[in-house]
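Next, two complexes with chain A in common: one pairs it with chain B, the other with chain C.
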Partner chain A sequence: MFKKAFKVFICLAILLLPLLFSKMARAGDEIKEYEPNCTYEEYEKTYLDFYGSSTQEMAEEGNPADLMLDDGEELFKTVAGTRGKSCASCHGENGEKLKGVAARYPKYDPAIKGINTIAYQINRCRVEKMGAKPLKYESYDQLALTLYVKSLSNGMPINVSIDGPARPFYEKGKKFYYTRMGQWNFSCALCHVKYACKRVRTNLMSPNRHHADHWPSYRLKWGKAGSLQRRFRGCMKNMRAKPLPYQSEEYRNLELYLTYQANGLPLEVPGMRM
Partner chain B sequence: MPRKRGLSGGVFFVTILMVVSLIGGFSYASSKVEEGRKIATTRKLGNCVSCHFLPNIESPGNAGPNLVESMKNYTEADRDIVRQWIEDPRQFNPDTLMPPFGANKILTKEQIDAVVEYLYSLKGVK
Partner chain C sequence: MAKGIGKIKIRTPRRYKKGDVIPIKALITHPMETGFRKDKKTGKRIPAYYISDVNVFYGGELITQMQWTIAVSANPFMTFYLKADKDAPLKIVWKDIKGKVFEKTVQIKPQ
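Moving on to the complex of A and B:
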């Protein structure tokens, strides 16, 4: 009797063992987020102490990328492709139907079963709705259109959703953010959460709260405007990791993760950075 | 007499040998220190100064501790620990920002030896 019970117990244990392991594996997949090393307000103070106010003053003199907004508006109204349409044909002469839309991007799109960004959607409209060629990412026209469309939501609070079908993509973005890469073995989260407000030589690392509220931005180092994903590529090169292509699935997920960190802040494009 | 001369000749020879090897040892050590200093302060090599304070460096980073201060806490018996920090600091702190210089082959074993030698030379500083 006792022997039999023991046998049953062993069999059950063997049967249940894989379940236990799979549960452990899943627990291991969960990423423990770091406590940010500083608030954004503390970062701004540290920034002023270390670099002084010269970048602030420069920004007050005007943002060179403001000029791109006019070009973006013009492109928005320009017919392109085989179907005789412009963006304005569908979205209103002054883009009125797009007001507030960019504040909810990136977002899950069932048509692509993944995350859609403004830059990505612009090319999808061109190809699928206008019969036009996609614009090369980071080209002047791509950036100008993205800037114009996002500027229609300027001042509105960022409000991206990570609920429902967006959730797994948000988790993937987060995982990417916490993954160590490249010869230096850094992760995004190490520099921008755990060690934020510390300096690597003269580079002061910012906490990520305001990382996604101002792109495309004019960057002094580039001497022109660029996208958030160009910044991703730059940081990955600094990590001695191989940068990924623009609008790759990974970068769209990452953009969702980072934009969610900026939820509640007003969208303000174009930004300006060192 | 011949015996004594032989002896003093021997002593002389041994003394010369000792002096030569001492000088050699010192200059070997000091050239190691210099090599280590170069590695620690050169961007393309160890670039330790990007995160750590080291003497005579303009605007070192502050992500890691001041290594002159850190070295005060390490004795000669701790050489292996210091070496391990550079080899792979994740064994002390899995979430460290410091790169695993040995494990990721950023520096060779010889280069790490030189850096350890340099760090120990800092024990005299301030």
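Moving on to the complex of A and C:
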């Protein structure tokens, strides 16, 4: 009798074990948020001690990416494609109708059932409204045009909405931010939340408050301007993970997550960073 | 990459008197290829392409001259000091090794 009860118990245990594991797996899906290691003000102080203010002085003296703005404005007014239209023919001669728009991007777009960024929208506009070829991501023209469109909202506070349909995409972006990846098993959040203000070899890790408010930026390491998504790719290479293509769904969600962290800050393009 | 080469920005102080020594800051966009870099995709060398001569004219007179080589960074930025003793145009001329000439003139107006 006792033996039989034991057998039943074992059987039940074997049957129920996968259930238990699946529950554990589900618990693993939930994001374990880190406490930020320091505030942005503390970081700025550490930064000054660590690197000095040379980059800031350089940016004040002249940002090479400023010179791209004229090219961007020219492209904005250039007629392209089969329908004889330019960006200016819909959005106003000097882009009056686009003022303040860039501060609300990235946002949810029902047409693509996902998150739309400025660079992505420019290419959609070109293909759907102008009948022109899309611009290659990170090419000079593409960056110049994005820079010009974003510069129209310069100084306005970033106001990204994560309510309603954008919410699941925000959660996805957040999950990506907290996912461990690559050979070194790092996540974005590990460096920029948990270990912010600490040193990784010769680099000082920055908290994520100001990460998304100044792109496209001129970066001294690149010797030219680049977008936030190029930075994502660089970060993923540093983690020894495989970088994803530009404007892939994951990167657009991640851009939404990071831009939301910068909510309320003024948009300042082009930036200049190390 | 012919785009984005030779765009120039020259900055002078807002207000200065006659005889003041003022900083002139000039920025030009240029790739400044050293000739040692390789194209990652094709494996071929990217030919050298850099600015070799910079001449500065103040009122038609050559006041300073620079000879640059591959050691100068991309998008070079330079600062020099000028004694603003006359109301005259300041012309900066950059010349690269392909023979392209970029120049810009600003008016020096001591008050």
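Definition applied: the second predicted complex is superposed on the first by the 246 of 274 C-alpha atoms of A that agree within 3 Å, B and C clash if a C-alpha of one lies under 4 Å from a C-alpha of the other, contacts with A are read in each partner's own complex, and residues count from 1 in each chain.
As a working rule, contacts are C-beta pairs under 8 Å (C-beta built on N, C-alpha and C of every residue); 3 or more make two chains touch, one makes a residue touch a chain.
Treat the numbers as computed from the prediction; the structure is a model and nothing was measured.
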Side-by-side fit of chain B and chain C on chain A, or clash: fit
First (chain B), second (chain C), both or neither touched by A:Val79: neither
Partner chain(s) touched by A:Lys224 [first = chain B, second = chain C, both, neither]: second
Partner chain in contact with A:Ala59 - chain B first, chain C second, else both or neither: neither
Which of chain B and chain C A:Val127 touches, first, second, both or neither: neither
First, second, both or neither for A:Cys90, with chain B first and chain C second: neither
Chain B versus chain C as contact partner of A:Asn185, first or second or both or neither: first
First, second, both or neither for A:Asp70, with chain B first and chain C second: second
Smallest separation of CA atoms, chain C relative to chain B, angstrom: 21
Set of chain A residues, in rising order, touched by both chain B and chain C: none
Interfacial residue positions of chain A with respect to chain C in the complex: 58, 61-62, 64, 66-68, 70-71, 140-141, 144, 223-224
For the chain C and chain A complex, residues of the former touching the latter: 1, 3-4, 7-9, 11, 25, 27, 29, 31, 73-75, 77, 79
Parts of chain A lying in touch with chain B, wherever the complex brings them together: 34, 183-186, 190-191, 194-195, 198-203, 205
Chain B - residues contacting chain A, complex: 49-51, 59-63, 90, 95, 97, 99-100, 104-106
